[in-house]
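In order of appearance the chains are A, B, C and D, and numbering begins at 1 in each one.
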Amino acid sequence: MSLAKTDPPLQRYSVWNRLNHWLVAISFVLLVLSGLPFFHPFFWSLTALFGGPTMTRILHPYIGLFMTLMFLVMAVAFFKESLIKRRDLQWLRQIRDVLANRDERLPPVGKNNAGQKLVYWLMLGCIVLLLVTGLLIWQPYFAGAVPITLRRLASLAHAFVAFLAILTLIIHVYSGIWVKGSFQAMVRGRVSWAWARHHHGLWYEEEREKARQQRAIRRRHDTPTNRQESP
Amino acid sequence: MTNHWVDIRNADLIIVMGGNPAEAHPVGFRWVMEAREHNDARLVVVDPRFNRTAAVADDYAEIRTGTDIAFLGGLIHYLIENDRIQRDYVRAYTDASLIVSPEFGFEDGLFTGYDADSGEYDKASWQYEYDDEGHARRDASLEHPRCVFQLMRRHYSRYTLDVVNSVCGTPREKIQRVWDAIAETAAPDKTMTFLYALGWTQHSIGSQIIRTAAIVQLLLGNMGMRGGGVNALRGHSNIQGLTDLGLLSNLLPGYLTLPRSDEQDYEEYILERARPPLVPDEVSYWRHYERFHVSLMKAWFGAAAREENDWCYDWLPKLGTPIYDILHTFERMHQGEVNGYICQGFNPLAAFPHKAKITASLSRLKFLVVIDPLRTETAEFWKNHGDYHDVDPAEIDTEVFRLPTTCFAEEDGTIVNSSRWLQWFWAAAPPPGEARADTAIMAGIFLRLQQLYREEGGAFADPLLNLHWPYRRPDEPSPEELAREYNGWALEDVRDEERNLVIRAGEQVEDFGMLRADGSTACGCWLFAGCWTEGGNQMVRRDNSDPYGTGQTLGWAWSWPANRRILYNRASARPDGTPWAPGKAVVWWNGQRWVGNDVPDFPPTSAPDDGQAPFIMNQTGRGQLFARDRMNEGPFPEHYEPFETPIANNPLHPDNPLAKHNPGARVFERDRENFGTFEEFPHAATSYRLTEHFHYWTMHNRLNAIAQPEKFVEIGASLAEELGIAKGDRVRVSSKRGYIEAVAVVTKRIRPLQVAGQTVHQVGIPLHWGFLGETKKSYLTNTLTPSVGDANTQTPEYKSFLVRVEKL
Amino acid sequence: MRGDQINLQNVIARSATQEPSPQERSGGVERVTKLIDVSRCIGCKACQVACAEWNDLRDEVGNNEGVYDNPLDLTPDTWQVMRFDEHEDEQGNLEWLIRKDNCMHCAEPGCLEACPAPGAIVQYANGIVDFNSEHCIGCGYCVSGCPFDVPRISKKDHKAYKCTLCSDRVFHGLEPACVKSCPTGSIMFGTREEMLDLAETRTSFLKGRGFDNAGVYNPEGVDGTHVIYVLQHADRPGLYSHLPEDPRISPLVDAWKGVTKPLASVAIGISALTGFVHYVTAGPKEHGEEDEAAVREDDAREREREERP
Amino acid sequence: MTLRVTRRQFFKLGAAGMATSSMAMMGFAPEPAVASIRHFKLTGAKITRSNCTYCSVGCGVLLYSRGDAAINVVDDIYHVEGDPDHPVSRGSLCPKGAGLLDYIQSDSRLRYPQVREPGSDEWRRISWDEAFDRIARHMKDDRDANFVTDDEDGNSVNRWTTTGMLAASASTNETAYLTHKVVRSLGMVAFDNQARV
């Protein structure tokens, strides 16, 4: 039996959202793998994954450009739901409860919790910086024209920001694994009503409201005979 | 050079004037640096430009181009009046004490005997006063009013500090500083060397500038000394050798001279040249002239040269005019009097003055043969190269042959460096394509000619039909055969006065002393006798040991004459035979003979008591302060303005137009029309070489093209400001004869000078770059230079002319 | 200077390599140094040409820009240039200061510190800092690392190039090409000790000729260089075409390449580990039965409300 | 049912991660970073002692050529360097001397005889025989037509003034001597070399 049949009922991410996210995710991982060797020789042998050191040097910036593009698209799509609200601050204050899984004490959360929003903004910031600094030290295209001090600054910044980005990524990935169902959500795009109610109470209410209205509309047009099952 | 490269390190003072060794002879210049470091020597540069030599000099003085006689004349005045000369040396080793004929005189810039109409001197009065034996009268006290010393003193009394300052434009204190430094070397244990090059020769008064330097050195007792001398830093690698071998219109090998048309009698020809001593018992070595001459004729014409036919005296061409120099030849060519011309490794279109005239002249030739390893502008003078050389091939009917020859790396042979060393070198690879050695090319042409004359007969064929041609491969004489030939060999057993065998028939001569005038010896160049003896090729010797630490390295190669490294080195010892100073000793008398760290340039057993003087080639045995009739514009050097001068008249003779320029200079009427005036062309220009390039060769080398890629001119900052020129701007430099365009190098290193109450700006124009090769295409500098030459050498005045600089 | 230096184990440092280089055999190896006495330099460019000839470099034929300098600057094909400066002092005395500019072969090479490619930059026991083109990846970090702005990235192969101090000649017991060619003895070569002594001699000579501030340029900031200058005005290196007063590896580069690298690497490791530990201790975040129940209640409530006529 | 990652599965993930990195550390170990010196280009070269023929210092130079002059090889000079034995140059060279290689190998070197016919705008390759024949013919015709045996004063002068020659002061003494010998035997007087300028 195909998974589709047993797919949870509630749509969380559209196909495009998911595709977009995973393209970003993959290129980000590639960037980490191709970037780390230049960051510290301990990771040098990762260059073997990209057809040798020079190839790695050549590929890294192009992957970077691609990821930036993908990310910006995603950033636009997720912009609204990533705006930080007052209640998010409260959620953050209770971060200990979050980590200790004392979810019942937490204030209700919208489509995204404060953590996810932070990841959004951190990544946005990092990636813009990485783009700029990356361009400044890009051999053989731009570096030559950049004053040496700026080039040094850029190299330093690029390394540091990349470090931040990687940390953010690790947190992001871990949360995906830690919060059951969210991984699936990004894979198949759907979650169960229960999952929604637990992790994103407010969003759950919104979705139910939407569902009610849809049913109302349907009732006005439909004959009683072919009435559908409730959600 | 009277001395040699390494000997420079023995100097206490190095005066670089009329040269730029750091730029033109960097490796030789090493020994200047050694002198500074190891001999605590000072280096002083006097030059129109603060050049690369000045960059490492202890002192520098700017000077207006072409005024060196004034600068040095003033020095002579200063040395004499302040008694800062080496009196013992002057009295014993120069002609200072000789008394000059009462007819001799000098007035308002002209010496006695000048004929304003012909523009020539009658030199009869330029002589000493002789006694009945034909010996010059002397006054050892140097007090006699007509002795050379007093005449010279009077002559240069006009050259005061003020006059020199106003003629040269050099600031007073700088002049004084340089004079003082030089005066220091009047001490017997101090020597100064003059390093000069074409910055002195390429003036209408070039030879006399050098004469003035020689006078200074004689007064200071610096001739024949270690670290002394008047040292010509010759330009090309073998220009010394070609001069020694006499490849000049009026010479034969070894500074023998061609007869004039009026010298119809062989005896007279020899007598004129085999000069008797003018002071009793002096060596006057030229009295052996006939030995050298006859040996040369035997080398050239072999058995055909016999006493009966005066050793083929008739076969030698006789000169109709004193000299068929290049200015003379191109003047005739310009008038269509020359039909054929052969350029063997020479690029006259680029190298001769007034390019427009050269182009026109070459265009009037029937045929031109260019023998060269490289493409040259001359070979392509008929080709249109746009702005750089705008001609119409269709209008040029000259038939041009271009023959490829080997370069040094592809041939064996010797060249003579400035130290007079004959150094043998070996080929490392075959020539490119079909290129052939110059010897093979000369032989090839000659043998065809000979064949034609044999078959068809023709004008005066005897000399070429009988030319001695003993080479195993007639079409390609080997360097070894030729070297052995110019060294000389015995045709019969040679015996001395006591009938002792000197050398056997068939043997190579050991030195020119073995040559004879009776036809028993043959020698292609007496000066080189000893370079290839029975002991073998002396020029390949590579023993660089220097046992005395004097740098003579007598075991390295072979130096003419007789492997001597310092000429006139007898003068390094006092009349009594002991060295003037231990540190400067070269040769000394050990009781039986002359010995030392160099080969004595003196009869080895002539005891000091015999009183023979050191300058054995001169009839007086002495250094000539007074040149007698040997110079064309006078016995004492006098300052004359360049033919294109930035000032109105000769400050020394403002009222005598005849004495404005050198009265004896080589100049043709038609060229005078092409001289510019300072009203029209206000800037004094001088041309020169850069270290990155060598004339017009290295622009064909990528490496040198990279190091200095494009033609530029050097302009002083103040002039540039006046004309609104910034560094890197393109400028046009025009003279009466044409214009060039180049990049402006604006520099603080050329300063405006105050000359005769006016400001003179000088402009520097490197001579490199042309319209061929790897560098950026450019105009030829000699588009600008004037066609006028020195009175004695006819060397063109490349170093002083007038231009106008404009921003483009 | 010694033939045995050709032994490639005589290495002080290699770029981007943690494990120490074999050094036991460096025992008898003398450090070499090139001395450039600016006061003796005539700017003839013999060294420049000899360098290009020996290293088989042929740069483009440029233009004249109104100065004697040519090529104007270092390029991948020009590993040294002569820089000409006309300096007029307060008294109006003119000096033509000509400096041979090339890699200084620092004892603490910024290029080597910055280079991420293992073995692309090597510092031999004799002090020569050499670029090893096979390992160069053309990232240009050496350019950022160099306090003297020496390395240049080639347009042809996108690799970094600079003066090698003729490592090939030196390892075969010869002096560098530029040194051999120098006509005036402005460039000298020998062991570090010999050259430092000679530098002192030359300095005192200059002081004797009135250059009171003559001195040796052997900057401490990079722990000394294996190319040292004798300057007439050691108090003002800037006079010589902006020779750095006190060159040192930029703090930026240090920050970027120094401790941050290992620390950051560790931090990344730790953060991953933390997640692991947290998962094991706190366990996953899951919704429970109560949520399912609540949802069912909501369903029921709504259905009821909607089916009410 | 929802996809659940059990603890066991999580360990697998971690293991995989470790694997990738350790694989990189060991599996794909890159070539060891060995220091390599450029090959010494003079090894086995033939060395010929020579003299620079630019200026009059006469520096000793060593010409390094490929090929050992064996019958089957055409030697090729590929490096020039100063001769340390030479008392004047002691191994040093000026920028011209240091660049001698590019003179020897210059693209401007001539490879075969050429002629430019009157009015023509181009060079034409010819054989040495043709060159020598034509030049000799020109010279003889001019000499026979214009040779002066006696001047207007009746002096026997035997000179040829209508064809002149410039000799090369960079050529060897041997060339110079032979040239002078030939030139004077023809009675030529318009004859100079760079010493004149």
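Odds and ends about this structure:
Please note the rule applied: a residue touches a chain if its C-beta (ideal position, glycine included) is under 8 Å from a C-beta of that chain, and two chains touch if they have at least 3 such contacts.
Note that the structure is predicted; figures quoted are calculated from it, not measured.
The central chain here, found by comparing per-chain C-alpha centres with the mean of all protein C-alpha atoms, is D. Counting C-beta pairs in contact across B-D and across A-C shows that the higher total falls to B-D.
Taking each chain's centre as the average of its CA atoms, chain B and chain D sit 29 Å apart.
Measuring from the averaged C-alpha position of chain A to that of chain B gives a distance of 88 Å.
Chain centres here are Cα averages; for chain A and chain C they lie 40 Å apart. The mean-CA centres of chain A and chain D are about 67 angstrom from one another, to the nearest whole unit.
The multi-chain contact residues of chain D, meaning those touching 2 or more other chains, are 5, 10, 30, 92-95, 97-99, 101-102. Among the residues of chain C, those touching two or more other chains are numbered 16-17, 44-46, 48-49, 53, 118, 135, 183, 272, 279, 284.
For chain B, the set of residues that touch two or more other chains comprises 26-27, 30, 691-692, 702-704, 707, 774. Interface residues of chain A facing chain C in the complex, by the touch rule stated above, are 37-44, 53-54, 56-57, 99-101, 103, 137, 139-140, 143-144, 148-149, 151-153, 155-156, 159-160, 163, 166-167, 170-171, 174, 177-181, 192-195, 197-199, 208, 212, 215-216, 219, 230-231.
Every residue of chain C that touches chain B in the complex is listed here, in rising order: 39-46, 48-49, 52-53, 58-68, 70-71, 78, 86, 88, 94-96, 98, 183-185, 205, 209.
Per the touch definition, chain D reaches chain B in the complex via residues 46, 48-60, 63, 65, 67, 74-77, 85-90, 92-104, 106-121, 123, 128, 131-140, 142-144, 146-149, 151, 153, 155-197. Those residues of chain C whose C-beta lies close enough to touch chain D in the complex are 6, 8, 11, 14-17, 44-46, 48-50, 53-54, 56, 118-120, 122, 124, 130, 132, 134-135, 164, 167-169, 171-172, 177, 180-183, 272, 276, 279-280, 284. Chain D meets chain C in the complex at residues 5, 7, 10, 14, 17, 30, 32-41, 79-82, 91-95, 97-99, 101-102.
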